[in-house]
Amino acid sequence: MRRVVLKNNDFQWIDVVSPTYEELENLGHEFSIHQTAIQDCLQPEHLPKQEDIKGVNFIIVRVFDENAPETANNVHQLTRKIAIFLSKDFLITVHRVDLSFLDELREKWEQSQSIHFNELVVLVLRDLLKGVIKSYEAPLVTGQGELERFEATIFEGKSTIDSVQNLYLLRRKMSIYQRMLYLFQDILIKLDSPFELHSPLLQDLREELESLCFLVDHTVESADNLLTLNLSLASYKTNETMRVLTIFSVFFMPLTFIAGIYGMNFDYMPELHWHYGYFAVWGSFVGFVGLIYIWLRRNGFL
Amino acid sequence: MRRVVLKNNDFQWIDVVSPTYEELENLGHEFSIHQTAIQDCLQPEHLPKQEDIKGVNFIIVRVFDENAPETANNVHQLTRKIAIFLSKDFLITVHRVDLSFLDELREKWEQSQSIHFNELVVLVLRDLLKGVIKSYEAPLVTGQGELERFEATIFEGKSTIDSVQNLYLLRRKMSIYQRMLYLFQDILIKLDSPFELHSPLLQDLREELESLCFLVDHTVESADNLLTLNLSLASYKTNETMRVLTIFSVFFMPLTFIAGIYGMNFDYMPELHWHYGYFAVWGSFVGFVGLIYIWLRRNGFL
Amino acid sequence: MRRVVLKNNDFQWIDVVSPTYEELENLGHEFSIHQTAIQDCLQPEHLPKQEDIKGVNFIIVRVFDENAPETANNVHQLTRKIAIFLSKDFLITVHRVDLSFLDELREKWEQSQSIHFNELVVLVLRDLLKGVIKSYEAPLVTGQGELERFEATIFEGKSTIDSVQNLYLLRRKMSIYQRMLYLFQDILIKLDSPFELHSPLLQDLREELESLCFLVDHTVESADNLLTLNLSLASYKTNETMRVLTIFSVFFMPLTFIAGIYGMNFDYMPELHWHYGYFAVWGSFVGFVGLIYIWLRRNGFL
Amino acid sequence: MRRVVLKNNDFQWIDVVSPTYEELENLGHEFSIHQTAIQDCLQPEHLPKQEDIKGVNFIIVRVFDENAPETANNVHQLTRKIAIFLSKDFLITVHRVDLSFLDELREKWEQSQSIHFNELVVLVLRDLLKGVIKSYEAPLVTGQGELERFEATIFEGKSTIDSVQNLYLLRRKMSIYQRMLYLFQDILIKLDSPFELHSPLLQDLREELESLCFLVDHTVESADNLLTLNLSLASYKTNETMRVLTIFSVFFMPLTFIAGIYGMNFDYMPELHWHYGYFAVWGSFVGFVGLIYIWLRRNGFL
Amino acid sequence: MRRVVLKNNDFQWIDVVSPTYEELENLGHEFSIHQTAIQDCLQPEHLPKQEDIKGVNFIIVRVFDENAPETANNVHQLTRKIAIFLSKDFLITVHRVDLSFLDELREKWEQSQSIHFNELVVLVLRDLLKGVIKSYEAPLVTGQGELERFEATIFEGKSTIDSVQNLYLLRRKMSIYQRMLYLFQDILIKLDSPFELHSPLLQDLREELESLCFLVDHTVESADNLLTLNLSLASYKTNETMRVLTIFSVFFMPLTFIAGIYGMNFDYMPELHWHYGYFAVWGSFVGFVGLIYIWLRRNGFL
């Protein structure tokens, strides 16, 4: 489905949603777009790239899909492809599903068509790329928040196997956004500038992207550090648990053994007939407890 | 065994399968190919490379062998070598065994020999290199699938020593594909372009390769992360197991000791003759259980 | 709130604290500052950057906030933004809160306005950037000190879960200073030098910054090494604890079992009626202790 | 001991074995070799390097010593130094001990002295450098084989402390070969080409070296991965062992406690006099076993 | 305290030990040294650097302090600063304490003042820088030796918490030498060559430095590998200890339970009155031992 968003003498923006192969072919013939570019448009899994084909700037970007299901965990579930063809005369955007930020953009530009050409293409492109960048802001901020919640969980000693698994999944999603953002950074670097793109407007885009890269780097790094910290703390707790077990065992094993001795039924066991035998055994219990206590102290168990 | 796949006035493609040393020597003399290149052809373990010898482009590529046995785990079991000699006048491909993708290619081109020279060589070469790249797609997708199954296994807490070992072997295979793909990327970068190779057709090859590199990087990284996660979860489980053991020990050791005391056979043990002695001991059991419960609670064991 | 710190025929320094949007807009019109720069001024979370906009050097730096709360642990709690506009004719500094080092700087320069232009701008800028760099000195030295305290704790075997968590938090803060310092290093490299900035004065700044980078790198590295060491030592202690537990168990389990045997109440147990049965059992206790001792020795447990 | 291997009007190869300081000094004067180069010749521990001194190419290489003892584990025990002086007129090789590959080379070239100069120097140098590279092939292939044996050991669950230590030593040796090969790669890159060295002959050397680098990288990486895998599996086994211990303890501790209760000797213990008391206790044993079984099941221990 | 070491018409070397601020200021005026360089001289903690100030080469190096206390573990305790000013006319060295290698150098050069200028400055500078490099040889060789002792300790299974801590401290010192040596390498690269410094003499310095870098890299890497190996072996030993504990527990828990059953005092326990009851129990003991043995075997515990 093709729609002309804006059009004046010099320039037009055409937005194409979910085209059939024939529609794309026609578009290609009309605007002299190379066959391989048309094929890239049809591959929903294509990674971001920038390419110059005979004067036409062909860009593929992937935008975070706000409707991605909770369980999405790969590039193709989390993000949506937009193919962009850009020349002096036209801007064509091709995508499979409606994207809310593109809808808003179309609406905005359908109403204001009177601006001078040269600014027009820059402004539209800037808005478009900004929308792509901005789409990653929400999931990154959400991720950062989740991470802080995990950190609190770990610090309160309440982390569970589930929270470790969630942390791992979060790290994975973040790693995917990281790759998408760095691929997008490559595109911005390679992007030709026949339209004054090196102006402050594009500089602004770059900074916004860098800022997100900084955030995503930090989040991935923090996730790794948290996983390590958690492992480290688990190790600590195991150690502590072992210590308690050992202390109890070291105290009670000898005592229980002594009690076992005097529970034997031999006919001739002199101690059993001593009047204060029982109390002597109690004395030995107390004595052993004392000795063991000192020994544990000296060996750093207590 | 030499076979001329296509031939016109300007250009011919010769496919050589499992040649003897003499056949290769003859070929070398006929097409003025340097001695060292001939020797590289005979080494089945040669790594991918690109070299310019007196106007002849000499390329070695390694293609994934779809007939590799399940247990294959090194470069030479998993991949097959193809030596390629390319000049303005000829394309020669040398390999030891028949490869299905080459068979298909030969068939395709044997039938259509009427295209203009300049496009011909580019199209044939493109098809050839594309076949090499495509050959890695299947094992990578399989690997990705296996990885996702491991992830599910680990998340369900059902990972075993076997699954860890399989994950390790998978990582190893992926690491080998990774090396092959990156060596191939080097070749594409170095490839001379006397035949308009920097056209969209080659660009397309590069993107396909980059996309596989992206996939293989991601798979290796994910395998490493899964191995770490698994270790981390094992550590958690050990901790949990220890905790259960410790709790049981801490409860039963003192109680069993008390029972042991009153199982002793001393002649004179006043408590034994108290009418409610037995019930008093039961009381002490209950009391100790209570105290231990509180202590465990306070120390975070329960 | 705008204040002119110094002003002569050629040059003025204007310091703007906590401006409203209107004040900034006016400033922008007056000094021909681009709209996007004005907007960056208003974003309190903006990362350090350097940019050339139509002859105006626009720099954003982040200075360590000495009033940051103890619990601060992200870029925006730990540091404060200063936006700097620098041209041949003016230096404008914009920030949200009063910063003590800027107050001192203003005081210093308000009094001494008679220096020749060319040196003036360099000296003021040098002082300003030096203040930014110096602000990180205190937290880094504090961090280094804390780290040494952790090291002592770990070496004395007194590390606790709390100390590991504090070490992690310290590492995180250090990692943030590290990023800020390296971003600042980028700025110093890109900084244009229409004012003889490549003089020894700026060289001095670079060295001070490099020295802090060296310190922060070392601190982060040391923190990582300490966390690893600590984990390693915890592992050692677990091992030692296990060994003690095992030794006790291996000694007492067989003995307690023997005592249990002769505590059974069978009518016919010949050993019970042997005159020296009890002493024979004691002999077996001693014998088993000896055998177990030898066995433990040989297996490296003792 | 100096020996002229081959000599014609234009060129000579002199091989010097285990020279005294005086012999080296004389050689230096005769061929105008700089003093520092002479001193490097005398240092048996010198690392590989390439240097141009007034038209003389001075190369130091280290060749794997096939007579290195089994326990050798540093650069100087595993490898031997060869100093090479190369100019248009002469090739001088200096080494401390006889090396079998050099002996063979000398023999080969002593017999065939009639080749044209220009090819001569290239062919001799190529043979020499090829010998150096080839010397590492045997230990790398041996190492690869050992590694595969370790892998099998680990996969069969038969790894011991000894095998881990051997793996570590293997990794160390491989790491040394890796450094030597990469230093040699630097030399090949820097090597001047007054003798058509960039011909296919040298290209061949480079590929052989690259192939060994590939192999050694892979071996070191695999050793690291195996050590990690082994640690991971050890962790698994510990976990499994703990689980078994815990299951036994959880079953027998309560049962043994109950038996202990009715082993007490109180005068008044009503249950002891019940006719079916004993069978009731057996019933409680069975009941507890059932309850514990269910509990262990639910908690994932069984 | 200033001392002229050598002086002829063209050149002089002045060595300044522990100067006051006034002495340095005077020196600065006399030789036109920039203010910031003078201030760097006074900072005892300054890191190595090289800088060109108006024709004067200003170099700061840090030399290993052979008198550093055993417990020294940071840059400033382990190394001493030397500031060097070098121009066509003079060499000035500034340091706080007497350094033995500088004493020797001064003595050597005070006696031989008749050499031609151009060589003189190169030779003196070479000697000076060589002294700095050589100073690190002793601690590196010591460190390497200590490391080998640790390795032996770990391989004999005698590593203790103390040896791990010492290994950590050794690694830290090595890491500091590593940084100093790499910073020195930067200086050598940047060092201007108005005095034929790129001659074989300087090349020699570079190699010596590279060789130490190689050694220190190897030592740090080995220390890391040893720490990992040690952790790995500790993990192994824990596993082994656990296995022993589990085997004993699995054997004795059921047996002790059975003994406990027949130690109960129920009035009616038919087995107790069987004539061969006691022997039957012994039979059950033997039977259980057999069954458990088989079970442990099958599960890989024995």
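The first chain written gets the first letter, and so on, giving A, B, C, D and E; residue counts start at 1 in each chain.
The working rule: a residue touches a chain if its C-beta (ideal position, glycine included) is under 8 Å from a C-beta of that chain, and two chains touch if they have at least 3 such contacts.
Bear in mind the structure is a predicted one, so any value in this text is a computation, not a measurement.
Among the remaining chains, not one touches chain C and also chain E. Here chain A and chain B face each other with different sets of residues for the most part; under half of the interface numbers are shared between them. Taking the mean of the C-alpha atoms as each chain's centre, chain C and chain D sit 37 Å apart.
In this assembly, the C-alpha centroid of chain D lies 23 Å from the C-alpha centroid of chain E. Multi-chain contact residues of chain D, defined as those touching 2 or more other chains: 157, 231, 235, 237-238, 242, 245, 249, 256, 260, 263-265, 269.
Because contacts link each chain to exactly two others and close back on themselves, their graph is best described as a ring.
One full turn of the ring, starting with chain A and passing chain B second, gives A, B, D, E, C.
Taken in their complex, chain B has these residues touching chain D: 34-37, 39-40, 45-47, 49, 51, 53, 157, 161, 164-165, 168, 171-172, 175, 179, 227, 230-231, 234-235, 237-238, 241-242, 244-245, 248-249, 251-252, 255-256, 259-260, 262-265, 269, 271-273, 275-278, 281.
Within the complex, the chain C residues that touch chain E are 155, 157, 200-201, 203-204, 207, 210-211, 214, 218, 221-222, 225, 228-229, 231-233, 235-239, 242-243, 245-246, 249-250, 253-254, 256-257, 260-261, 263-269, 299-301.
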